[in-house]
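One chain, subunit A, links the two complexes that follow: it is found with subunit B in the first and with subunit C in the second.
Take a look at the complex of A and B:
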């Protein structure tokens, strides 16, 4: 064991050494020449750019289990790359691919940089890892390219996002294109066992008081109803991340503050949510829930999986989670427990008379462009084309039913369109370009439109609604109705110097201290005061100043 | 282990001074691959220790990353958690070393008394099987077995009228769970080493002891234990190098923020504060600190073993 670890460490260090030996190129020549856009060979085809002779695009990506190819196709040769070549004269050359797990892509990029190898012209990477690369000075600013190539549809989609570029702005220039996700779909609704509600003869809770009453009724349900000797009112992941999915951040928000995110206090100043006095009241509430067994006894140890397992095994009545939580994993309870039924309900209001919930950010991945990239504009040209033609396709257009007949859908002999895996010869493939053109509001807007009993009509509505069920539609309608209560973490920049040094320490103290409060190991007043004084004496004050300064510099309001 | 490699390769040099090419070249040739591998994979990469004194950035490389001197070490030792983390590490590791030494010896002595060879072999195999399970799997099992609500251990506790124990939420009980599960997982493996040593004890000694009227217990104390003492010393000396290794795999898979006060060790602390944040220099600095402490401890215990047990490992 020991020798294995040593060998591994040794070989890693060896790899780094070799990497360092060859690293002169990247380090000594940080000022890459101004990019010459090779547009001399471009002409127009169908109103968009076409390269003749074709240009080669040297890119890279991670390929996970969700990327499915047709038989005989691979990442360098498939329907999508063929289409890029025919439609745009762009030959996609994937220099390398990595698995999606274990940060493999990030590691490979870092090793390429240390070895001074050629970087992909552009690539997609989690936003949190992008900051380091941007600050390395090896990436290209892109605001000019976006302004030049993005059309109205694309710009409108980006305009839906609050502060779209803030996180990746350095001295007024934007260095990354965030792959914006659908908005609101990760926002929480309250999931309740409808059959328990019925057995208890109660309505879905609308306030915190109601919620307590319902939880109380649930834990006193007869075992002939629940099938268990002991059941719990509410299951949640309270281990260390208080804003995770299946957490309780909307209940915290009912008291007026969300822990672990940067938000504005009453005075309008940015503060770390966990230091706000409202959190103390919320902790007192949760302690009571543990004492009264509304929560399972191990709630302070539970992660998301433990939290949903309690629900899907039929031992907990309420949880709060995203719109997709019924599809996975919560509906399993209906298979595991005969007669179980799950329903989606609005988040109950807290003592403030309303509530807040933490938003999940506007994106996860961003696209970065190497300074040495010869054809960065291709990303924008193709993405713009997709926004114009694919995101909201016209009836009768090329993309009306999806990307390509036989690729992600099939027109059957009788003329009907099927998206079912088994109907498509060779299986359903997934589209493999960098970012599907997302209109953030599109998915939940369509779902809540359909929730009102409307039939899908437009091609986008028909395509998106494949496989949706009524419970998801209900959840979508609920998040649309409560979207103004979502607050986003205001700090999205690279970790500040004091954060790098102190934040992990502070967070460890925070969560262990809060757990001690929840389990009565320290008193509420004493515990919360010690957290506040720890925060201010161990770097919290400097971090707050740095965050406020960053927000001001990045242009937040 | 680090030391054994250092020492064994150090021994290669004096051997070379008396080297008789004409008779021994075959043996030396067989040694060569091992020596080369040790040099290439154990000594050359040590240059990488430099990053512990830098603020290493991959795009700047070794040569252009800014030097920090002892900055990374300073950061670790001035961090408000570091004292707590160090104490936890040493306490958990020492408990593991002691239990990891005592339990296998006791078990090997007991097993050695069994007269039915098949039973002996079966037990031996059964107890060392858990060694091959990973902590990821065992952690899942332990969390289930020790659950407050419905775990088999707490059901037993309740059956005898006790209050359920919050194993993974209470620091002291967490330590108990960690130490006991570690012993359970690993003692079978060390037992084999001692059993092997026991078979090598000269049976004439037992006969002589019996003639002198020694019973089973006296034989164990005066014949068996002294005979296997060299092996015990070797095992103890080698395990001392682990005094700052409290077992990342195990702790990481079992701990939660609720037990940071008693359960957070150097490795998990560094994982959270350095590795997760891709701060390689900081991680390297703490790793280097651990290695230096381990090296000193092994050298000291080696000298002590030489002096008091008159036993040289290398």
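Take a look at the complex of A and C:
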């Protein structure tokens, strides 16, 4: 009995303890920032701003699986944060971090807002999710800060981008800084099994006609050449997203239209690409590819992974994908199939005599600044410094080889510089700035320069070209030569009211309807007409009106 | 009495039954074998999906990489910790809730009010945001208790247990009372030992639940170092959209490394699988049959 009483007493005590923990009150914060000062304590050091005493930035970020830290370092304490403290007097305090997957960052920021917690002073978030936050009125306009702090190099980099601020402008004020990505690196080239081309005695196709001939030759190759009883000419992901990274959007584009993006028709009006008549002709073409077994029979159900598996296992001869597709995953076919060789080729022209391909957008993430931010200018001061000194470093300067010796590269005893993981004690760490100082054209420009046989000379060329191979350089040269054929989705704003209500339904109908056409379940004319009438009677007309209005309001031409 | 066991039809049935059950068993184990085979294969073969049930280009690199990854072993330790602590909390609160509520209204006045008070929470909860605010105000962010306390009392399990307690013959309790046992002694010496099958089942549900739960691990922690294994695996297994990240080929190959993913999934599944054999012996019913004579 005694032991039972003790048990009860203990459980009661436990319950009280838990209750007591709740009585702390919301106001007190045990981790109160030691320093929280403003612009007033700034002075100049080495020609840039320096805060003394240091200021603390309360920020947050998502950390992907590609972020690597030195042993004992983490997102709040690493060589980059140390450098910011020493060089700028800025203490970066990441209040929280999330994974990059599953909208984790968005979930967390929304929970923070609902719970009335302190928002990060600034943070990166996918552009598509930024609109809701901007429209919540909790974010700060930043055009003034950018104008004031951005130097010539930074402004030039931004000027490379068409309509950089369009999507995030509200009543003439800009509410987000887009983290611009390298341009063109996600643009498509045609990847072909060179060994099959050779076995078939053919040249790389330059037109749709040629492409059909090559695919036909590939599927009739002897199994002693391919190693399989049945192989396919072309592999692609046609499951639901027709502009994805191993898709056929350049083939669609050869007919003059790209599905699922907003583009201009012949009259110059913005329309939803999938409703253009050219798509019908393209669908007829793809139906033929399925009927003739150029495509694998399940192509309409394949995602990107299924698409590249056919290529890397050696059962498909052609695919279209980004400049990096050889490095991963396509080169694996050379390991799996003896004698296999992959080459990069320009996209063949369609019946229009040229082609179009859908661009990947100029950025994926944007930086938002909370209205409560005490020191938003720090983001611009440090990023501007990086554009001046880090993005295109001078020979002999601090960042000539990278961020720091022993951190992301190492100068070996013999004086050579190595970027190889195993050479660097503790491994190669990721250099995590608030926003990477990207010059959009830089990467592919360097790659296509090197593709012409030039040796890397400038520090930027040497740094960027680490680990590049000839096939990537070929691909880079190809995308540079065909860059005028890239069209971008013209609608980059927040989903319009009718889109929120109807677009998911319209897209579902589009995909199932197109797949019925591809597999011959409905006739081409009948199927495409039913898609057009479904589009116009289920909100498509209103959506088009809204998109045109948005484009006009945002100042697009 | 057992004559029908000797009939020919019964033998035929037994043979087919065994084949059928074996096939179902195979269906359960084949995915694990496939994952194991991928984990022991070369990277290129895995990218091309060439592996079925036997490794291609055998290598143990993926396991070495996983086991020497400090983040992984740390997350594994957190998962083991939350599962054991969660189980302790669960048993403590659920048993202490179920026992009084299994008594009759005469023994426990107002029992039904309490019962409905609990049942109400089964159907209506505050939802994500209020729960998050509660955890924040309780200062449980980054604490393992944020993962353990919300599920400490599972009303559904408590109701199961209430019904199980009710099914235990009243005579057993009376005999204990006659021998001088109080309420707690009766619980400890009569009810709990007789409830082992249902307690084992509920414990298993709870442990598997804790082991697999990833969302709470993500939102109640501000640092990835505190993530339990399920949250870490969730990040790894979810397909990244490669057109949405800056493409460093080295990173791309790393992120999409199927062999390491397979090794992590396999190692992540093993500890919870090990629990089953230990609980198996309690999955025997009919313990109270024949306890009361006359």
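Everything below uses one rule, namely that the second predicted complex is superposed on the first by the 520 of 557 C-alpha atoms of A that agree within 3 Å, B and C clash if a C-alpha of one lies under 4 Å from a C-alpha of the other, contacts with A are read in each partner's own complex, and residues count from 1 in each chain.
Just so it is clear, a contact is a pair of C-beta atoms (placed from the backbone, for glycine too) under 8 Å apart; a residue touches a chain by one contact, two chains touch by 3 or more.
All figures in this text were calculated on a predicted structure; none of them were measured in a lab.
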| item | value |
| --- | --- |
| Partner chain(s) touched by A:379 [first = subunit B, second = subunit C, both, neither] | neither |
| Partner chain(s) touched by A:433 [first = subunit B, second = subunit C, both, neither] | neither |
| First, second, both or neither for A:551, with subunit B first and subunit C second | neither |
| First, second, both or neither for A:390, with subunit B first and subunit C second | neither |
| Contacts of A:485 with subunit B and subunit C, given as first, second, both or neither | neither |
| Which of subunit B and subunit C A:66 touches, first, second, both or neither | second |
| Subunit B versus subunit C as contact partner of A:114, first or second or both or neither | both |
| Common ground on subunit A, meaning residues reached by subunit C in one complex and by subunit B in the other | 7, 11, 24, 26, 111, 114 |
| Subunit B residues within the subunit A interface of the complex | 1-2, 40-42, 44-48, 51, 57-64, 75, 79-81, 147-149, 164, 166, 168-169, 241-242, 256-261, 264, 272-273, 276-279, 287 |
| Subunit A contact footprint on subunit C (complex, rising order) | 42-45, 47-50, 92, 96, 128-129, 132-133, 136-140, 149, 182, 184-185, 188, 218-219, 222-225, 231, 234-236, 238-240, 242-256 |
| Of subunit A, residues touching subunit B in the complex | 2-3, 6-7, 9-14, 16-17, 19-20, 23-24, 26-27, 110-111, 113-114, 129, 132, 136-138, 230, 239-240, 296-298, 300-301, 495, 500-502, 504-505, 508-509, 511-512, 515-516, 519, 534, 538 |
| Residues of subunit A touching subunit C in the complex | 1, 4, 7-8, 11, 18, 21-22, 24, 26, 63-66, 74, 95-102, 104, 107-108, 111, 114-117, 126, 181-182, 185-186, 244-245, 304-305, 308-309, 312-314, 322-324, 327-329, 332-333, 335-336, 360, 364, 436, 467, 472 |
